[in-house]
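The two complexes that follow have chain A in common; it is paired with chain B in the first and with chain C in the second.
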Partner chain A sequence: MDITLQNVVFIIVAIFISVFSVLTVTTKKIMRSVTYLLFVLLGTAAIYFLLGYTFLGAVQIMVYAGGVVVLLVFSIFLTKADENLNIGIKIKKVLPILLTVLIGGGLIFFIIFTHNFLPMASTDAIEELNMKTIGFALVGGGKNQYILPFEAIGVLLLACIIGGLLIARKR
Partner chain B sequence: MFDFSVVSSWIHQFLTSVMPEGLAIFLECLVVGVCILAAYAVIAMILIYMERKICAWFQCRIGPDRVGKFGLLQLFADVIKMLIKEIVELKNTDKFLHALAPYIVILSSILAFACLPINKGMEILDFNIGVVFLVAVSSLGVIGILLAGWSSNSKYTMIGAMRSGAQIISYELSIGMCLLAVAIFTGTLQFSEIVAFQADGWLIFKGHIPAVIAFIVYLIAGNAETNRGPFDMPEAESELTAGYHTEYSGMHFGFFYLSEYLNMFIIAGVAATIFLGGWMPLHISGLEGFNAIMDYIPGFVWFFGKAFFVVFLLMWMRWTFVRLRIDQLLKFEWKILLPIGLFNLVLMILVVVFKLHF
Partner chain C sequence: MGVELYLVISTIMLCAGIYGFLIRKNTLAMLISVELILNAADINFAVFNKFLFPNQLEGHFFTLFAIGIVAAETAIAIAIIINIYRNVQSLDVDKIDKMKH
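Here is the complex of A and B:
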């Protein structure tokens, strides 16, 4: 197997994501945790860009890095959270935690080792997915098109907005 | 018309003839990165000089004129001063986040800067979804500002960061509406195609009423997005000393300063690209001789000319209007600017559907 630039970049990004994922849950400060989470999300976006899914990458940055992380930071600001997270593991909880880790890890490794990865035809042939294709797939009514989920999510978001307004309304 | 892709493809061929392709691409990326950083710094210096001179002009002063001819060397003196200043460490703060925040701000602004098409064949990041990418990466900067305000552990910076966050998130919507209107009109999100679409007339002429409304709304929202007056609440110096970057010093402060000016240039550059034709020369259909003469002026001259013209408009706004209050600012966005943007979107759709454009 010859190592291409694509592989090198992938390995760098993968290590970046793994390191910051671990740091996100092990750090003791809530603000640092959010920052590491931001790096993990950016790394995921980098993987999408590497695969040529630029739309997905941009949406990942916009929704997660620009939206969810900002929301998290704002809620930390407004709730005056305890700066240091002191999460000690109690004896009673050791067994459930161990069980969860084992099952989760086992599942992931099972999927990784039994999955048939498609061999990449050519590393240069990765094409950018056209925006028009995505647009037509999203709001088209034909086969393999997603108008119904799109509309359903739209109604859900409208309900969220109205609910938020009702809660924030001054009486 | 000078096409830069001739040069870039020649460099690529030369490099691939002496080394493997992966290494060649890596080297090219490195060179392009250095070029972006150099252009970033040079443009920021030009903007700072321009701001000082224009501010002085609006206030009937002379402005910097002691260091060098017309005060031209003042900039270099300032840059050297900034570089050799000590970076102060604060007690009882999260030092890692405090040091990280300026880099997040500058990263977002460099990524957005790389999207701008400067000349024909000189697009650095030219995705199919260029506009979406630009909006996405420019929304990253707010995290840096919030982190800077929080990690300085001071009330001034905290309030400044909160104001800034609320302001940037609100005004992003208006910018999105304007860009969406343009995307509807041109039918593409790719910057190079948006520019190519304007070959027979700039969008502000082709799209007439909705395009002009979008342009004005974009300028107002863009000024707010960069935290500049009359929307400079986050750093209102009479209330908050300097807002979110009060506790920064040396080059860390310099990064905030640079990114503020460059964000203004990016707003201006995007406005120039999508409304005023980017590197596309002024073409009037029917006057072939005139068009041919205009084609002799290289594209980057057109681009920078238009971008600096929009920068001048933004500075005009900054030095003419007085500062708003934070509640007035948010009310202005949500109750006036956003409805106008939505209405303009509908108007643009009507214009496109009934082919009322030129």
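Here is the complex of A and C:
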């Protein structure tokens, strides 16, 4: 792997994501956990940018960093969730879980590195995905176009708003 | 730089998410772990699309719709968690056993 700007950025993003995703599940305070989750989500957006999917990266930042994380922070403020998260976790419980995760992860790594993937596209010059292409594919009704899921997700979000109001309202 | 390196990142994220989901007792912390798992799956869709099928956009749009569904799922989950907190005064999963007996 030769040293190009893209590879350097990729390695930085990879280390960033790995460190912060481990910190998210091991830290003591839930507020810190959410902050590290935000960093992981921003790193994921950086990966989408690296792949040339800039629209996807923008959506990731808007929906996750702007919506989901704010929602999580609000619910932390509304509940009394400021105690130590690692309290009451015994080493007898940690070991089997850690073993499960490590064996599962090792298995996935084994499969990734022994599997022969299809001939890969050249990644030397990744060009940005055209916005016009996305727009036509998203609201077109033909083959490889996605008007139906687009409408379905609109209905789903409406149902989600009504459901959320019904569940969380005061009786 | 191949598809494997991207998959390594998403595998680490997935394993961290599973570990957190199994070990945390706080419902909000478990929800955060679920976000990690879903995010790892999203990365995989985008990466497979870009490297193995660069002339199509299935993975791209699947990720796009998955992000929308994750937002809906989180909103509903937080509504349920707040409702539980109102009834039980706790977020600990060990204390949520009102419907058990």
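Heads up, the rule we're going with is that the second predicted complex is superposed on the first by the 130 of 171 C-alpha atoms of A that agree within 3 Å, B and C clash if a C-alpha of one lies under 4 Å from a C-alpha of the other, contacts with A are read in each partner's own complex, and residues count from 1 in each chain.
Here is the rule we use: a residue touches a chain if its C-beta (ideal position, glycine included) is under 8 Å from a C-beta of that chain, and two chains touch if they have at least 3 such contacts.
Note that this is a predicted model, so its numbers are computed, not measured.
In the superposition on chain A, contact is made by A:V73 with chain B only, not with chain C.
Of the two partner chains, neither chain B nor chain C is touched by A:I147. Touch criterion met: A:M31 reaches chain B, while chain C stays clear of it.
Which of chain B and chain C touches more residues of chain A is settled by the count: it is C.
Once the two complexes are laid over each other on the shared chain, residue contacts for A:L5 go to chain B alone; chain C is not touched. By the touch criterion stated above, A:V59 is placed in contact with chain B and with chain C alike.
In the superposition on chain A, contact is made by A:L129 with both chain B and chain C. On chain A, the surface touched by chain B in one complex and the surface touched by chain C in the other have residues 59, 67, 76, 129 in common.
Within the complex, the chain A residues that touch chain C are 1, 6-7, 10, 13-14, 17-18, 21-22, 24-25, 30, 33-34, 37, 40-41, 44, 47-48, 51-53, 56, 59-60, 63-64, 67-68, 71-72, 75-76, 78-81, 85, 88-89, 93-94, 97-98, 100-102, 104-105, 108-109, 112-113, 117-118, 120-121, 123, 126, 129, 133-134, 137-138, 144, 146, 149, 153, 156-157, 160-161, 163-164, 167-168. Those residues of chain B that touch chain A in the shared complex are 21-22, 25-26, 94, 96-97, 100, 127-129, 132-133, 135-137, 139-140, 142-143, 146-147, 150-151, 158, 161-162, 165, 169, 188-190. The residues of chain C lying in touch with chain A in their complex are 1-9, 11-20, 22-26, 28-29, 31-33, 35-36, 39, 42-43, 46-47, 50-52, 54, 56-58, 60-61, 63-65, 67-72, 74-76, 78-83, 85, 89, 91.
On the side of chain A, the complex with chain B involves touching residues 4-5, 8, 29, 31-32, 35, 38, 54-55, 57-59, 61-62, 65-67, 69-70, 73-74, 76-77, 128-131.
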